[in-house]
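All chains are identified by letter, namely A, B, C and D, in their written order; residue positions are counted from 1 within each chain.
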Amino acid sequence: MVDTLFSQLTTLGSSIALLFGIVLLCRYSFHAYVEAFRWQSLVLAVLLVVVGYFGAASELYLVAAVFFALKVVFIPHYLERLAKRVGAPREIQPYVNVTTSLVVAAVLVLLAYGIMRPVVQAGQLPTRGGLPLAAGLIFVGLFVIISRKKALTQIVGFLVLENGIALLAALGAFGIPLIVELGVFLDVLMGFLVMQVFVYQIHGTFESIDVEQLNQLRH
Amino acid sequence: MVLTVEYALEVSQAVFGLALAPFLVGFVRWVKARLQNRRGAPPWQLYYELAKLFGKEVVVSREASWLFYFAPYVVFASTLAAAFLVPLLFAPLPFDGLGDLLAVVYLLMLGTFFLALAGLDPGTAFGGMGSSREMTVAAIAEPTIAVAIFSLAIGTGSTNLGRMVTLTLDNPATAISPGHLLAFAALFIVALAETGRLPVDNPATHLELTMIHEAMILEYSGRYLALIEWAAALKFMIFLSLLANLFLPWGVATDFSPVTISAAVVAFLLKVGCLGLLIAFTETHVAKLRLFRVPELLGVSFVLALLAVTSSLLLK
Amino acid sequence: MRALFLAMLIAYSLGALAALAGGRSALGRRLVALGAVAGSGAGLALGAAVIATGVPFALSFPWLLPLGGGLALRLDSLGAFFLVVVGVGAIPAAVYGAGYSAAYEDGRASLPLLGVMFNLFLLTMSLVTLADNVLTFLLMWEGMSLTSYFLVITESEDEEVRDAGLWYLAMTHMGLVLLLGAFMLLTGGAVSGHFEDLRGRAVSLTPGTRDLVYLLALLGFGSKAGIVPLHVWLPRAHPAAPSHVSALLSGVMIKMGVYGLLRVVLDLLGGGPAWWGGLVLGVGVVSALLGVLYALMEHDLKRLLAFHSVENIGIILIGIGAGLMFHRYGLMSLAALGFIGGLYHVINHAAFKSLLFLGAGSVLYATGTRNMEEMGGLIKRMPWTAIFFLIGAVAISALPPLNGFVSEWLIFQSLLGGVQIPVPEVAAVMPVAVGLLALTSGLTAACFVKAFGITFLALPRSLKAAEAHESPWSMRLGMAGLGLGCIGLGVAAFAVVPVLGRVLAGLGGLPDTRAEFTLNVFLHTPSGLGQMSPTLMALGLVLLLGLLPSVLWLFRLQRRRRLSDPWGCGRVGQTARMEYTATAFAEPLKRVFADIYRPMKKLTVDFHPRSKYFVQSIEYRSEITPWFDQALYRPFLESATFVAKQMRRLQAGSLHLYLLYIAVVLIVLLVFARWF
Amino acid sequence: MDFLALLFPPLLGALLAFVVRPYRAAVGWTNACLSMVSLGAAFLLAASISAGRHAPTFGPGELLRADGLSALLVVCVAAVAALALFYSPGLGGESPYDTTQLRRYQIFVNLFIFSMLLAVTANNVGVMWIAVEATTIFSAMVIPLALTKASVEASWKYILICSVGITLAFVGTVLAYFDFVALAGRRENALNWPVLLSAAPGLHPEVMRLAFVFLVVGFGTKAGIAPMHTWLPDAHSEAPSPLSAMMSGVLLAVALYAITRWKVVVDATLGPDFSNELLLLLGLFSLLVAVFSLVLQRNYKRMLAYSSIEHSGLICIGLGLGPLGVFAAFLHLVCHTAAKSMLFLLAGEVLHRYRSTELERVSGLIKVMPLTGALFMGGILAIVGLPPFGLFISEFALIRAGFAAGRPGLMAAVLVLLAVGFVALVGHSNKMLYGAAPEGITLGDVPGNWRKAPFLVSVLVLATLGLVLPAPLEVLLDQIVIVVTQ
């Protein structure tokens, strides 16, 4: 009874998270990207709390708190600021237009279902139903990085990718050992900061954050 | 005692060849003249010429080096050495083991080599032209000789001339085997080429377009020229006696009683004489080939030789 | 023997050190030469001792090369023979080099590097003959290649020289790869590559594997020996190297290919089917013929000699191939005769080809050019070099009574023995080989008439040649040694052949033919096919040569001699422009073999602008480029470049593309891991 | 204890460089000395392990652990780090960077070294992952030391590609952990390698297959395995030479180390075939790409970078060839580390003198800088696998392992590719070393030849490994073989 509720909640949460990932694909302004990411992170934070509650994994509360602080408050805020500094693009021209992106995303999610089948079968946890969604989110994040041109959007895609992993960890094993979890957060933070530094540098040296210009080094 | 006799015979046979060689050349010239309805010089004309040349002083190019003086001796010595290995009259002689048919061929090549160098030495265009052509002909004549030797070796089972003769005498069947006949034809053509005869070379011309051997020795005079001419005659002699004694060994003395010896001399003169006639006929009936047609002729001879070998291989 | 081995090791190392210490000084050069002479002398003594006693010399250092089962050295009679060959080539070359390398004191090349590499090259080459397991062999082999590479690019200022070096290194490395493959198939990846174990394993291999090993070995060693069409590096590298090094490369190093072939095919594999021998024979014939044909068209003296190395390797392989075929049919004494002919030609070639290269080196040293068209008249300016070169020329043209003649005679005789092969269609190969071998030697004679005649005789064709001078005594000494070697090897054949018989005894089940082919001063072949005595022949020739003038003197025929201008159809004065050139000399043969040369001809006539009846100039050029080079090597190079171009596309510079690669690989592998 | 002596100095160095502003040469020298301390510690560790002390651990929850495998890598990392710091810019002599850049350099390079050391000594595979990710971040900060378009581009590509890749590796880690949890419930030390290994036989094969794919792709990205290698030529060619030396010399090795660790676990579940096939496939492909990218190469630093790809491909192939292969692979790793780090540092000197990384701009190196040129030639001869250097032996052992494993076809392909690479590399370096020096260039070596002494050491190491196999190293390698193929 409780387990069914638990699994339903988690599946719901992960599907919403994935949904935000896909929503992100059909938005145009960078602001919308950041918003979508912020909401997605929020959902994940809540989901972490839920998992921590039902799964009696108390340290997940702490994880959820850090996650919230980092990915709902800090990083989106900085992304906005960064966007202001380097002039956020109104229009984001992707390599592939929205409809194609959506189709690709759908295919990727299906693929994720197919690939994660054995994993779902292997697990006993009630949360396992959400695993394919997590994998799907990972693929979608990858797709965002590949198909979007601006450095900023690539950062967002990367963060989505990491959200997917966080989701995977939460659902698959109620979170990984704390020390690793904290280390990961540290890495995420540093990685983000470094990337932001580079965005400034790219903007400084190329007068634009269009990654397409970064094709001088060849062969 | 017997051995000393044999050595005596060995030497006398070589001397005999050496002495007879100019006559043979003269004889062929004489026959040719007759065939061309000319009177022609007497067969022993060449002896006079040699004597005259030996008597004359020597005129030498200023640019010539010691090699120019050295070459005639090498030519003469190597040809004479080759003559020692060829059975003219007697078959099993002590020197037979010194060298076989290959050795004979390469000794003659030694002479040609130095003569060609000497041709280049004075630095005239004629000499160079002559040596270049001479070496070309000599080089592409080699394979025929080698393969012919191969087929003879198959037939007789040896490459040493004396043994070849005796072995052929022991079983005459080999002499008339198709392999032998083909080999004979091949060697005959080569003999024409090697001894500077028509249709390859014309010994009686000094036209720079056609001459080979003459161009090469153009700078020689006096005793040097005499030595070279004599060596050439001896070479001619050697080839004829090879043709004669390898393919029709009958008459060659295998023991040393005066009768057989005299018989051998007669038989030898007959065989060589016939061959001389044959050559005279061919020389009168064919025209000189252009230099670049010569390889074709020698190619024919090579094919003949190969046929000879294969037939003797398959009929063995 | 151990003492001799250590002496060799130490001498070479001291020589190398002397080069480092001595630097550019004359003393340094002498010490380098001294080290090399002492080392190769010790090596020669070691080899001689092993052959004489018949007791192999073995030594192993397990703590070196532990992964290959230790550094194992073992010198059996076959290796010993080749060690002797190294000595024969190296001692004169080193002596010669002491004088020759003086030319580098101007800083064109680094003398210390030259000295170090020279000694290390000799050391590694000597150790190749001692190697007794796979890793040791490969290490020494590659060491030999590397050091010789540095020797080749001594004059690295020159673009051409660097190209030559690269070609050489590429070809020899390709060879190493093939050899590695062959040895690996032989060992099957077993840790101990000890030759003794390989002999055991080789028997149990499947015929297919044995054939593969054989082919790999033939190609691998052939690329070092310079068989057609793997010879392309020879005519590039040998002219590029300093002459005393060329002498070593051409006289000695390429023989290591022959050694390896014998070692693997005859010793380790113990012989094989008839087509093995037939292939070697065919390769030999082709190499011999094409080698001499291209040599004829060369007017660069050293390139000419390099092509002749191809030819002589071919002759050696003809003997060995015939030996292998007889070996297959159990005609052991004929097989021995073939191998003996091959080995005899190995050492003969080491003698006369080194001599010729040293001679060419002296000419280069004196005139500063390798182009024969600029030479001439050197016989008066450098008499000693001329005599030595003439000896070499006579020897390489296989003219009696020098050494070349003897070995070719033996090879001829072994081929003539082909009659005894039971299968006629196999036996029919032999006469063809005989014919082509004869053609080869005839053409060689023609080629060396050209080489000696144009280079040394007549009038100098350029100022350089006119101002040439005889080379220093050390160079002459080196050449003199080799000249005597050529004569000695020819005259003393009756003493050499039994030694070769002893060398081969027991190899691949060959009988001990020590006494079989010689009878006091006579050589004779099994089943009494042929008999000859180079010794007596030489004696006879010398006698006749001595006799003739005395006879002439006896008959008072020594008339006076008068110097004058040569007859020139009435023109007065004689200039070098009237002489026959090397090109002209080779022209008839070029026409005869036009089908093989495929010469490129170009005739351009430009007329007077007014009327085409007045010709202003006629230009005729004809080039010969070895067509099989293009046919064989260009496809490789082009395909490699093509693939490389495709690869460059991979790194196109677009970040998204790169990320796409990752995603694609990830998904493909996931699908693979999930469903397959 | 020696763990502290190993890991602490680089941290201290970073701290020192952080507090001392502006940068002074003294800082550089101090850090160089500190690196010597950790090198000493590394040697002690390796010695004690090869002497038979089994897998010492350290810290709360056995945070750090070192067996033969770690010990070997620790020595390599510490040695190359010491070399690189000794040749870092700003240790006397004119340097192209200003003090702030040098300060940044010192901070992040030391952090980079620290994270590499941590990665190879971490007991917890999660921590190992974190450390590897950290290497990306820190090294990325050093690449664009002088802000040029090229360097910025290179570092952006580097950080993005490697972060994405390494994140995928994390997915693999999580999957493995998930499977562990499904089997044995949640445990704090579950990601400790020995624990994981002991549990491995019971894990679900199908899950571990997926996990290993993620891990190979992820860590393979850092290891420069084609086609995830694309960042490598850019980063190596644009980074300051000491950093290139470290990245090419040991960073790839560290990533390969991570792959090896996981391979052991996965093999315990699946048996070796799956991972072997995967590694052979990727290794061969890397070899192919690298070799043919060398053929038409125009830039000598990129040339060296591609040769690094070639060699990590070789090492992958070795890892896939069973015990003999593993032995050969790690011997090869050591030799390649010694040779390539030296080559990149020398390339730095060449760049400093010729002011260009274009191959055709560089000629007559032997005449221009005799000692540098000679060492460079030695290094090239070493990496193309010529005797008397170690790579000749290791490649021989590798090929032999392949034949012993019954894969002659594969080995034939490898040999051919190696030959192509050989010709390309030797050809290019021929152009660099010989010929006429470009006019207007200053002749003579850089002042202070004594600073070349460390290079002589690496040449000596290479030559030694070419002739003998020192007992301690052999013991370590044997231990590695046991660890990897147990």
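Throughout what follows, contacts are C-beta pairs under 8 Å (C-beta built on N, C-alpha and C of every residue); 3 or more make two chains touch, one makes a residue touch a chain.
This one's a predicted model, so the numbers in the text were calculated from it and none came from an experiment.
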{"item": "Chain pair with the greatest number of C-beta contact pairs", "value": "B-C"}
{"item": "Distance from chain D to chain C - Cα centre to Cα centre, in angstrom", "value": "44"}
{"item": "Inter-centroid spacing, chain D versus chain A (mean Cα positions, whole Å)", "value": "31"}
{"item": "Cα-centroid distance, chain B relative to chain D, in whole angstrom", "value": "79"}
{"item": "Separation of mean Cα positions, chain B and chain A [Å, integer]", "value": "101"}
{"item": "Numbers and ranges of chain D residues touching at least 2 other chains", "value": "156-157, 160, 164, 206, 210, 233, 293, 296"}
{"item": "Residue list for chain A, restricted to those that touch at least two other chains", "value": "115, 118, 142, 145, 211, 214-217, 219"}
{"item": "Multi-partner residues of chain B (at least 2 other chains)", "value": "none"}
{"item": "Chains touching one another, given as label pairs in label order", "value": "A-C, A-D, B-C, C-D"}
{"item": "Residues of chain A defined as touching chain D within the complex", "value": "57, 115-116, 118-119, 122-125, 138, 142, 145, 151, 154, 158, 161-162, 165, 168-169, 172-174, 176-180, 183-184, 186-187, 190-191, 194-195, 197-198, 201-202, 204-206, 211, 214-217, 219"}
{"item": "Complex interface listing, chain B residues touching chain C", "value": "54-63, 65-67, 73-74, 76-78, 80-81, 84, 96-100, 102-103, 106-107, 109-110, 112-113, 116-117, 120-125, 127-129, 131-133, 135-136, 138-147, 149-151, 153-154, 157-160, 163, 218-219, 222-223, 227, 291-292, 295, 302, 305-306, 309-310, 313-314, 316"}
{"item": "Chain C contact footprint on chain D (complex, rising order)", "value": "156-157, 160-161, 164-165, 168, 206, 209-210, 212-214, 216-217, 221, 227-228, 230-231, 233, 274, 278, 289, 292-293, 295-296, 324, 366, 381, 386-388, 392-393, 396-397, 399-405, 408, 411-412, 415-416, 418-420, 422-423, 426-427, 430, 434-436, 467-469, 474"}
{"item": "Contacting residues of chain C [partner chain B, same complex]", "value": "376-377, 379-380, 390, 394, 397-400, 405, 409, 412-413, 415-416, 419, 424, 427-428, 430-432, 434-439, 441-443, 445-446, 448-450, 452-454, 457-459, 522, 524, 527-533, 536-537, 540-541, 544-545, 548-549, 552, 555, 557, 559-568, 574, 576, 578-580, 584-589, 591-592"}
{"item": "For the chain C and chain A complex, residues of the former touching the latter", "value": "648, 651-656, 659-660, 663, 666-667, 670-671, 674"}
